[in-house]
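Next up: the structures, one after another.
Across the two complexes that follow, chain A remains constant while its partner is chain B and subsequently chain C.
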Partner chain A sequence: MSSICEEKLNLEEETEGVDPEVLKKELLEKYPTKVARKRAKQIVVNKLASCSEGLEIGANVRTTPGIITQRGCTYAGCKGVILGPTRDIVNITHGPIGCGFYSWLTRRNQTRPPTENDENFMTYCFSTDMQDKDIVFGGEKKLKAAIQEAYDLFKPKAISIFSTCPVGLIGDDVHAVAREMREALGINVFGFSCEGYKGVSQSAGHHIANNGIFTHVVGLDDSVKEGKYKINLLGEYNIGGDAFEIDRVLEKCGITVVSTFSGNSTYDQFANAHTADLNTVMCHRSINYVAEMMEEKFGIPWIKINFIGAEATAKSLRKIAHYFQDQELSDRVEAVIAEEMPEILKVREEVRPRCQGKTAMLFVGGSRAHHYQELFKEMGMKTISAGYEFAHRDDYEGRKVLPTIKVDADSRNIEELEVTPDPERFRPRKSPEELERLAQEGFEFKDYEGMMRDMDNQALVIDDISQYETEKLLEIYKPSIFCAGIKEKYVVQKQGIPLKQLHSYDYGGPYAGFKGAVNFYQEIDRMVNSKVWNSLKAPWQKSPELSAKYACD
Partner chain B sequence: MLLRHTPKEVKERSALTINPAKTCQPIGAMYASLGIHGCLPHSHGSQGCCAYHRSTLTRHYKEPVMAATSSFTEGSSVFGGQANLVQAIDNIFTVYQPEVIAVHTTCLSETIGDDIPQIARKAEADGKIPRGKYVIHANTPSYVGSHVTGFANMTKAMVDYFAASTGKKEDRINIIPGYVEPADMEEIKRMAGRLGIQTILFPDTSNVLNRPQTGKFEMYPRGGVTVDALMGTGDSKATVALGPMASGPAARALDTKCKVPCEILDLPIGLSATDRFVDALRKLGGVHVPDSINLERGQLLDIITDMHQYFYGKKVALVGDPDQLVSLVEFLVSIDMMPVYVVTGTPGKKFESRIRELTREVPHEVKVRAEGDMFLLHQWIKNEPVDLMMGNTYLKYISRDEDIPFVRFGFPILDRIGHAYFPTVGYRGGMRLLEKILDALLDRQDRDAPEERFELVM
Partner chain C sequence: MKKSPAPYVSTTNACKLCKPMGACLAFRGIEGTVPFLHGSQGCATYMRRYIISHYREPMDIASSSLGEKHAVYGGEANLKQGLQNVMAKYGAGLIGIATTCLTETIGDDVPMIVRAFRKEMGEAVRSEAIPSLVNVATPSYSGTHMEGFQAAVRAVADQLADLRERTEAVNLMPGFVSPADLRYLKEILQDFGLKGIILPDLSETLDGPAAQDYEKIPPGGTPIQQIRNMGGSRATVELGRTLSKSATAGKLVEERFGVPLHGVGMPIGLRETDGFFQILEEIRGVPTPEKHRAERGRLIDAYVDGHKYVSEKRAVVYGEEDLVVGLTAFLVEIGIQPVLCASGGRSGHFREAIEEVTRDILPLTPLVREGVDFYELAEEAETLSPELLVGHSKGYHLAKRWNIPLVRVGFPIHDRFGGQRILHLGYRGAQHLLDRIVNALIEKKQADSPVGYGYI
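After this line comes the complex of A and B, so read on.
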């Protein structure tokens, strides 16, 4: 009797009989043996959750040199992703000019200072612009002078320093400089050793940023904000205004956001974050460290939520309400969902006939390749292949695999902070009995089940996809849409397939929350049904034979 | 306000660069490498460098930008990047099969001191470089010069690695177009073609970074100078190098290596610089300038005479790269505009003296700065505003805050199209520049004019 686990169902229709196992072999054939062996672990044919015993994916491992990768570096993860969206810290890049230049306003983190007088340094790029003499004789002096100049010009609340590759090599001690300048200036100055060569991807930079912001800022301000249901929104970077939409929805529900890490954020929000009663985690990959450490130190529990997709948004709101165990909140959440849904359903029904049955591929980030599958599902589209750019195994397989993840040399280089309960500020938000009761009701704390569980049987899951693999997938599966980033955008579109950027949103959005879902439905409908793709061939390319008729006439 | 913290008062800074007017060498090297047919640029450093350069070039061109990286880890940073590069070379030739890998270094590999030729020899000895394929390199430490320097260094590498002289001179001229757009390279070839001159243009990113939508992605598009052509540069009878900073080093190297005499000219932006370019080609090629070129020149001149009243006395702030700015300043001065602020982030003292010389007769104080930044430019503007700004996309923040008309020119342009398709060099490029300048100025006049002075005919 063949069990469901051996059957190849679900995706048959959409993938026109492509056998993913065969495709995987084909992908690997191209590589030199050693590379093929490595890539084999990172390309997995998915199985249903009930049959996934022993299914393991290679992730958070080094990219082989010369394999064209989507990945960036630790600096990008630290300065670009996590600290970039905070508007009132002067972020100084310590290094040659490039790193600062490329991370200048390119990530579309929106911010909205309440008044004209509030600080906003996000439109600025600050760099020590190291020259050869600084490399030879050391750059600490220049860094100190740069911090002083920044202070004299702007008098900011805080200044942070981001190390680029050569800084680590020449041995500049950015932390000592930070300490010295903190004392000299009387403001918070802190540094990040986020040299680009650390770790294997941006991910290491997220971790370093988490550690830094936790060590140097979180917990500095004990004032308690008004609000009955106070949460932090972790791992939401306000690309295209996502956090604004989430804030709108939460506010409507009566939920107070104490801090967002780090979309539309301020220094003071971080300093005050420990006064919240719940940490909600959007992008698990980039921010779970802060969530974990805040639980240890301050007793704030964390839950995984997802505001990408209307259904997911509703589910996340209910989960937050469930946590607070308050009928008033639950009622209000239900009322908000009931109020928002009709418009969403209307647009969904409008686009569905045009999108139903179309296929998507998502290769991006550390959570988006998972979250956005929700939106495609709501439109009747199927995700046939997906993978992350810089995630770890737990983002694919769920946090249950954490104890089995081997810590390799690259991860060991990234500091794990020893965190203990804060003698004054540690305050468990729930009693053991309450926690027990919630658990019995099926409430999941500090859990993330990962991408693979939500994907179909036989879907191809590929970690750190290469350029070559991307081209092959396009050729064989011919998806209706491909989601990735700017580097892949025109490669895919030149192949006649629309690419939706899920880092920058192609300068659109928001796509989070309720309004975001509507935006996304309309955007994908526009893309997969665009008439332009019918014009790829000129009339004479479609039927090149000349008719001899006129000449004879 | 977007740049709300920029104070009017200018204080000299010695250490902090704010809102840079340059970026680092490797991206220029990557751009130049893309101008070799069948070439995969390779960034010898951390992954982030390659990702950043590809992203920026992609945003600027809205085209695929292929490049590989040595993916340095902490280990390679300690022990050197030889193993990474040898493996990269093997993988690239196996999987992506280019004709050439053009390696450029980064601040990381330069600080470590990796010796690229030695590593390439090792790769060759290990049999990782297939017969008839090439690995070339340029040293492009990010802490020296700017993206322009990187472009110049990689262009020179094309000469160092490929140019050869057989002893038999050919009746043809090398043109090194400088750090300009694919459309500009195309235009330079077209003009030379009109003059009836055989040329080899290198690097050549036309039909690489402005290629058509065909429904088929090609890793190595049709454009780019071929390796054979690069080898042939040593037999050409002369080289015309456009833009001393971007093209000078390659031209001089070719003179030294293969005895090909060179003329180093300004970029042919604007009337006079284009005149000098055409004149140089005419003399070197021993040809007559055809009527079709005279026609284009006359059309450019016609726009200037027709619309002179709108150019006259307008104050302009410029930010960009030295080669471009020198020609642009000359052009603006020639039509009686007043380039009053001129800033480049690229170091080089010659730049300041050259701009001073070109603006000697401008009836206004002219501030010029090499190794400057856009923060400084903004401060100057706050002290005395201008009528027009020209520069890359980042100027839009100043433009909006100060409500000043803005023409996009230079690198990078991240928010508009056109630069990949329509040139700014040559007479026709000059016409396009003037059209853009006039559109910006006249749109502003239309916007601000009192109703009774709203003009139908302008």
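After this line comes the complex of A and C, so read on.
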């Protein structure tokens, strides 16, 4: 066996010598046997791809009751994540008040209506606020009236309905209501059966939302946008203005974004998405199936890209240029990269001496825990442990495992759409010869190899990490920084370790693209080198002699 | 005469949160407690996020994580397994179980499941090796987070309180107030020489120090042993005028153990605080300590000094009913005109309570709206040309639209720093509120004026 396979994790001095296998055992120790068995599959000590075939991880399985998880519900994934950032659809939550209230513009996805008069409903939170009698006698009537009312008040282009847990149980048919109201009002009205209990996590909700948009909206508007190189940006949610920065860079390169799913998005963009010539996928987890379906139905191929990290951004731009096979575009992309890079390198060199060798842990989302490792690497920091909140095995191990993923009852809950080529709109974007040529040049479509491949030997990969495991991990590994969400933030910081939120960015950002990389370097430098952590202990606690002296006085 | 708000079907931009969230908050104020939601996991996650973004403190809520199968066949097995897992890892003294809309809709009988669970645990229960279990029904389709909060407090009293020995302690049910308020209430009791059992007590659990040794369940909260002897206390004081008109924990303790109950308004502003101090004087049989009398004196002095800035200003106040009642009592005292008092709650006693606290000062009761959302509130207030908003962060959009200051109070506050440290209660709280309101109005005046006032 080659020595590289035995390579140990490069940890900071004080944690040197912690064997991840031993740590794994410790994490599992306190669990009842059955739970421990289940968690054992979801905690994996990474091995380099060249050293091991088929390292497998348990993912997308239900969280055990009583184990405090980061995960949210199907409704949250559907209403909050996917349709939250779309500004001109009136989203009505059908259910009791809480679910709607909690998903009321709490994420910081930004939107930029072109003028003040353009519709923006993102600051609104509409709910049928079900009461006792709706639960007993059914809520369809109320829902209809609510849709009518929303129409009368706002005259939106479209109205969508989101079902919360009680809705499915009392048997309200939101789709029938949607159909009826669509006819009555003459605007697009569609419903989502995204009851919170339906799936394992918010991932199920992403799927339900995207299926709905694909079925009810994509393809409705055939007008063709101007632009030579037209792409869709899939799985980018404009947290902290990420999409604005990506748009800036793409525009500079002369690439036209037809639609973004769904950061800073509008109904019309979705309706028009099928006119793009390439789908680029940011967050593989939340949207790869839409890319697949768009290819099936409209002939648009897809590639995986990543705009988190300056190098990754450059690589992604080059890949898009490569796809279009156009020297003019390639030249322009190179010019943009050359123009943007110096500033980035300058800041990187500045922070590097202070950050070099520090360690990071990332437990978040369905792609961010992977993408952000790039940025840390650029700063000279090491990711020693990471995992997703709601991703599936393919996001860890790569798409090659797709055929082997077991379909369980929870996954069956989500409708698989039957997609066939659209008789009028299907148009292969590349001829077989062109595809052949691209393949020869080493160009890969649908290329996602997962997070584990990019991680170090012996790094600990943990799916759906629990509160308890987080605490243990911190105690033993003492990373320089921990990345997760607001729910974890204060638990981690109480222990003297800074936490960077990668859901809301702590209301900072953007961190995508070129400008984003600079922001991120500076932010992480500030956090890991902050002096405040030294003050956790009062001076008399730090030096025992001193307090002893006071005690004698 | 103002038109009554249009009877909208939808709730648009709600001015209330959901019932189990209130219950989880209340449970968090009891020593060694892990709040536990019986339902699907999303509710717990959502509530944690909301609570955390206000307090900037850890907030664990466990969940029985029901899936579709359990939604159909019932969640008993999940609930039991969940309780067991929480016990295994948290060393909880109490698990506070609240239901959600899901489990209420399917009709899970939680008290029965908990009884069965206790029986299965057998020996462990008798040896007190397992935590106490308290359960409360909190379907959000009837009531708001405040009802959930109070229901949980009552459930705790109902399921734990007992009379072991007679003591000189006073039970104090403060309602949903800030950690700063709670610390101040404790100080007052201490200054009176009273031993207080404050239920719940979030002062440490949701505003704790940066820890050197991290603990899974934050220290602080009402000690369970004290709750177990609430029936032996000399008196109970319960804050909140609308609350006092419903079935409360205080009433339960009074009926069951004969502990006399004093229901008073939330002590916000001079008069309501006077009432509160009077009750304490009565219970303890001593006059208000000098320190607090001095604070009262300074407050009145400030009322006089501040009057020119606030007099006749038109304010809209919104939030939980009892909070709004207290704030209204205070606002009218300082000369502000509350043009609209609004709440998402619908206890049925809101108007009456507002009437009680304003009638000494105002010839007419201000406009009162219960069960409103921000859409209705905006519609209603638009015609009243308000100059000031007093309430939580969700009113920010209106403040922005109308270009008037918003003085943030209550919960949730997620667009300012330090929401957990806002002091509302007592003479000291009134002083803080007055300072903040005056300064907000001055700032607005400076911002709007081309003159550049340096003295104001």
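The definition used in the following text is that the second predicted complex is superposed on the first by the 527 of 553 C-alpha atoms of A that agree within 3 Å, B and C clash if a C-alpha of one lies under 4 Å from a C-alpha of the other, contacts with A are read in each partner's own complex, and residues count from 1 in each chain.
FYI, a contact is a pair of C-beta atoms (placed from the backbone, for glycine too) under 8 Å apart; a residue touches a chain by one contact, two chains touch by 3 or more.
Everything numeric here is computed off the predicted structure, so don't read it as measured data.
After alignment on the shared chain A, the placement of chain B and chain C results in a clash.
When the two structures are aligned on the shared chain, A:32 is found in touch with chain B and with chain C.
Contacts of A:74 after superposition: both chain B and chain C are touched. Within the superposed three-chain model, A:101 lies in touch with chain B and with chain C [touch as defined at top]. Once the two complexes are overlaid on the shared chain, A:468 sits against chain B and chain C alike. When the two complexes are overlaid on their common chain A, residue A:256 makes contact with neither chain B nor chain C.
Contacts of A:529 after superposition on the shared chain: neither chain B nor chain C is touched. Contacts of A:215 after superposition on the shared chain: neither chain B nor chain C is touched. Within chain A, the residues touched by chain B in the first complex and by chain C in the second are 30-32, 35, 62-76, 92, 95-104, 106, 123-132, 134-135, 142, 145-146, 148-150, 164-166, 168-170, 195-198, 200, 409-410, 413, 467-468, 471, 485-487, 489-491, 493-496, 536-537. Interface residues of chain C, counted against chain A in their complex, comprise 8-14, 16-21, 36, 39-50, 52-53, 56-71, 78-79, 81-86, 88-89, 100-102, 105-106, 139-142, 144, 208, 210-212, 214, 216, 397.
Against chain B, in their complex, chain A makes its touches with residues 30-32, 35, 62-76, 92, 95-106, 116, 119-121, 123-132, 134-135, 142-146, 148-150, 152-154, 164-166, 168-170, 195-201, 409-410, 413, 466-468, 471, 474, 485-487, 489-496, 533, 536-537. In the complex of the two chains, the chain A residues touching chain C come out as 30-32, 35, 62-76, 92, 95-104, 106, 123-132, 134-135, 142, 145-146, 148-150, 164-166, 168-170, 195-198, 200, 202, 409-410, 413, 467-468, 471, 485-487, 489-491, 493-496, 536-537, 541. Across the complex, chain B meets chain A through its residues 1-5, 7, 11, 13-20, 22-24, 26-27, 42, 45-49, 51-56, 58-59, 62-77, 84-85, 87-92, 94-96, 106-108, 111-112, 141-144, 146, 211, 213-219, 345, 375, 394, 397.
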